[in-house]
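Chain nomenclature is as follows: A, B, C and D, assigned in order of appearance, with residue numbering initiated at 1 for each chain independently.
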Amino acid sequence: MNLDDIKDILELVREHDLAEFEIERDGLKVRIRKAGAAYVAAPVPAGLAPMAAMAPVSAAPAGPAPQPVDQGVPLAVITAPIVGTLYLSAEPGSRPFAEVGTRVKKGQVLCIIEAMKLMNEIECECDGEIAAVYVDNGHPVQFGDRLFAVKVD
Amino acid sequence: MNLDDIKDILELVREHDLAEFEIERDGLKVRIRKAGAAYVAAPVPAGLAPMAAMAPVSAAPAGPAPQPVDQGVPLAVITAPIVGTLYLSAEPGSRPFAEVGTRVKKGQVLCIIEAMKLMNEIECECDGEIAAVYVDNGHPVQFGDRLFAVKVD
Amino acid sequence: MFKKILIANRGEIALRVICACREMGIKTVAVYSQADEHSLHVRFADEDVCIGPARSADSYLSVPAIISAAEITGADAIHPGYGFLSESAYLAEVCEACHIKFIGPSPNVIRLLGDKARARRAMKKAGVPILPGSDGPVRGEEDAIKIGKELGLPLIVKAVAGGGGRGMRIVRTQEELPKLVKAAMREAEAAFGLGDVYLERYVEAPRHIEIQILGDHHGNVVHLGERECSVQRRHQKLIEEAPSAVLTNKQRHKLGATVVEAARAVEYSNAGTFEFLLDGTGNFYFLEVNTRLQVEHPVTEFVTGLDIVKEQIRVAAGERLSVRQSDIEIRGHAMECRVNAEDPVVFTPSPGLITAYSVPGGPGVRIDSFVHSDCTVSPYYDSLIAKVITYGRDRNEAIARMKRTLEMTVIEGIKTSIPLHLRILDDPDFLAARINTSFMERFMPDKHAGKNKLAESA
Amino acid sequence: MFKKILIANRGEIALRVICACREMGIKTVAVYSQADEHSLHVRFADEDVCIGPARSADSYLSVPAIISAAEITGADAIHPGYGFLSESAYLAEVCEACHIKFIGPSPNVIRLLGDKARARRAMKKAGVPILPGSDGPVRGEEDAIKIGKELGLPLIVKAVAGGGGRGMRIVRTQEELPKLVKAAMREAEAAFGLGDVYLERYVEAPRHIEIQILGDHHGNVVHLGERECSVQRRHQKLIEEAPSAVLTNKQRHKLGATVVEAARAVEYSNAGTFEFLLDGTGNFYFLEVNTRLQVEHPVTEFVTGLDIVKEQIRVAAGERLSVRQSDIEIRGHAMECRVNAEDPVVFTPSPGLITAYSVPGGPGVRIDSFVHSDCTVSPYYDSLIAKVITYGRDRNEAIARMKRTLEMTVIEGIKTSIPLHLRILDDPDFLAARINTSFMERFMPDKHAGKNKLAESA
């Protein structure tokens, strides 16, 4: 399931005038609910921006809650591919690779995760603009932890 | 399950004018809800005959199923108040206290249950006619077992 | 050997007996009240009989219902478990009359030992140390002073009709004796309409020590060492262990031998427990005999490797005990926590639906329980839902295992006594085995807990 | 002593190690893959780290992920459990480099004993009985005939690159040897692209016997007696027991002493298991050493009263073993059934949601498991869901308890191997302890089971 799949699903949701759509497979769960859809059965989860549902939901322990983002803009969340210690800049004291508002390209280094004394560069998966930084410099991250949100171009 | 499968499902949802559709199989779960669909909390239990509720429901292991009886006639079920061996007549070979069709009065002896060598007379709880005999002569009965059904006058 | 045993009980002990029967190849009959229709003991018995409604008096306490159930299923023996009819001489007698074996002592022995005064005399005669006392009500002030001098101090004045601490006085000097006897008489008269009181030596902060015995019909009696059950609340044991941390081997053998002699003297057969108070200077005082299996028998099974329920069944069937005294060796240390469905602070019962239930395994853990996920704890019966028993090479290991087992136990939907047990397991006095029957007072919610000091353990 | 141990494993063994750590007052770190987020080992560890996706290679088998998890949590030791990285000399080396204690033997010992040829030579030198063999590939027909004469009959021809029975031939007469060697070579060449074969003495219907040892860093090595694991299917053990019904005390002491000597010779520390084949005439042949905790360690814990995992932790922290050889006493009999989430007839895996789970207690029952009601058995990992271990005064009692425990176990929602275990427990040969590594063939669905006769146990 990638961004294109999600776009296709959203097309279908619009076309068929669905109120809700949910799919769950192999540990991945996507749930879409259109703005304005009445929901009777269960309490409405608070603070869930409609578009947030588009982000691949990580099964890892939740990191910081996603910050509110512009409605209607696709959002990609970059998660930690390995466990280790996270560094936001190349060297202590130097400028961070990326901050909120930084324009990023696919393949651009966003941060470094140190595992077994090896520095692993974590690259951006798409072109866009950093919408959120979920992690602090020098802190440990687990596999699947949210690192960055990127407003996709 | 791929996008085409989802499209097919959505077609079916439209065609059949469904409010909701949900499927779950082998770790895959899909749920669809149409905009404007009302949500009904629980299915209404069907087929509960009004008269059946009149019979004291035994929590003991079910005896023979109650035979069909005339609709609209109150039916009382006499259950075993003690555990023991049941006798349908006062002595071996003599006439049974009650058979199907026997007219009975409240307080009339219907059978005997032997417990600890004591013969306990089991009395009818109402006036009416024996509609069913659920037990065999000389057989053990447990507390709560159905003994007779009586069509109440 | 028996072909089919009816178990006149419910809950974990019914399952415990079913386990023993299955291991011995004996068929089982479960009896149940309407409230227990979906219980595991019904599921795992070979046959089952509904014997009455939820109320115990009409089901588990009904001798006719139980005998009838045995007769219609053709059971050749009845195991009464503990509680309910387990110490009913009447049930044992009816069984005899119906040619059904009662798995327990003879009716005569049950009757003798169930009568406190007769039991006391029998034990005294057999050389068992008993609590010095007035052997009946005192006849007035002068009589009380005379008896008080004979007995020595401290003393306790108790109402013959008493209960709940009323009509009780502790006497610490001979001078205050007449005054306190009179006060107790007045209080007893007011409370029970009967002013009779008796005197007994008062044991300060005693330990509760009990000896497990087994006897067969061939004159063999063995003891399986002691259990210490000093952690109790209103005479309800909460934590039991074996062996006691304070008994020397010499004391153990001496008390064990005394009990075995006394059991022989009354021709005791089957399992039984002789309960004692132990005072601070190493003296034992006989309390009573429980003529049945005890809730806490698993701690003895853990340290001896024996199966007490199987031995009960064997000797009831006329076989000899499978062990001699010299075969019995106490190895390691075992502890039992009784997990009750109750509020761990105010002790109110907490029946209801258990939505999640999971207990860890690992070495040295035994769980005797009848509950499971999606099971309802009935409000009709006692609140015991699980016995968690742990074993260790020594007391510290048994405690460490108990702690981690209770910490890793998940019971959701109802309240349980586990948080209370965990507080006890962290108590420095408990860890140092400085316990007595007043120990639990520090965990009681009411500030009038001091009243319990008056009551000795039963 | 360690302050915090990271457990590089999942499932029941992760919980088992957590239990030991809690009893010792050591903090724990659980690592888990995304598939195990809701597992009990995550719930009951003091800290937890997600180390990767469901695929083992990217999570539980990832040395960088595990070392990183230890570093970010400040763990000072890693317990590898069994399976996964438990016999990884590389992980042990990286631990050394990172100043994290690996709870297991030194990397050198793991490497030495992990190499079949080197291990064989080391054992031979230390006086351990080994299976006579060609000590490398045969160089042709004449060489084969010469070696065959030296080794004696029956022989087995095995492909060096072999596996799954291909390139294997059993030789029962010297005449057929050249023909069968050539056939095996052709088959090996076709199957593996390498025609090299070697010869080994063939043991008919052997028993699988293994000796548990423990060693510390002060030169102390003890053995805890043997386990018999002859009931296996395709080298997967299904039922293990201790002691073996066929070993005499003399054999036990002799083999134990030999193994202890060999372990001392290679400076073995921590827990280990020396596996042997036992032929029909009482000869033992060394198979291999497992340089880790075994799945079946609980049967040894039951009969010795020791906690093997705690000993592992103690000796890894530099402490001495808590027991000497003379302290170790085998009491009673223990048996383990591995309950797998699989079809009991055709052995296909059966992962999925467990809707109901309940296991009985009672004396002599230990359950090591990580499942519970409403828990999902993941398809990503091995199918072991519970180890049911029973103890009895003798083998018959252990078997009777195993039977009633499995009969009274409720697992709904998935299929389990329990029906298969119950069939085995009713088998007259099993009851008479007439078992060997071919025993399970009678329970196999495929009629070509004979092929398995070729493969000795590993």
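Note that contacts are C-beta pairs under 8 Å (C-beta built on N, C-alpha and C of every residue); 3 or more make two chains touch, one makes a residue touch a chain.
Since the model is a prediction, treat every value here as computed from it, not as a measurement.
**Q** When you check each chain against chain A and chain D, which touch both of them?
**A** The shared contacts of chain A and chain D amount to nothing, since no chain touches both.
**Q** Hopping along touching chains only, can you work out the least number of steps from chain C to chain D?
**A** Minimum number of steps from chain C to chain D: 1.
**Q** Among the chains, which one keeps its Cα centre farthest from the Cα centre of chain D?
**A** Of all the other chains, the one whose centre lies farthest from chain D is B.
**Q** How many angstrom between the C-alpha centroids of chain B and chain A?
**A** Whole-Å distance between the two chain centres: 56.
**Q** So what's the Cα centroid distance for chain A and chain C, whole Å?
**A** 61
**Q** Nearest whole angstrom, what separates the Cα centre of chain B from the Cα centre of chain C?
**A** Using C-alpha averages as centres, the distance is 43 Å.
**Q** Could you list the positions in chain A whose residues touch two or more of the other chains?
**A** Within chain A, no residue contacts more than one other chain.
**Q** Using the touch definition from the top, which residues of chain C touch two or more other chains?
**A** None at all.
**Q** When you draw the chains as points and link the ones that touch, which shape shows up: line, ring, star, complete, or other?
**A** ring
**Q** Check the chains against each other and report every pair that touches.
**A** So, checking each combination of chains, I get A-B, A-D, B-C, C-D as the touching pairs.
**Q** Which bits of chain A are touching chain B when the two form their complex?
**A** Within the complex, chain A contacts chain B at residues 5, 8-9, 12, 15-26, 29, 34, 37-41.
**Q** In the complex, go through chain C and note every residue touching chain B.
**A** Listed in rising order, the residues are 34, 37, 48-53, 59, 63-65, 67-69, 71-73, 94, 98.
**Q** If we count contacts the way the header does, which residues on chain B are in touch with chain A in the complex?
**A** 1, 3, 6-7, 10, 13-14, 27-39, 41
**Q** Which stretch or stretches of chain A touch chain D in the complex?
**A** By the definition above, chain A touches chain D via 27, 59-61, 82-85, 114-116, 118, 140, 142-145.
**Q** So in the complex, which bits of chain C are touching chain D?
**A** Going by the criterion above, the answer is residues 12, 15-16, 18-20, 22-25, 40, 44, 298, 301-302, 305-307, 331-332, 356-358, 360-369, 372-374, 387, 393, 397, 400-401, 403-404, 407-408, 410.
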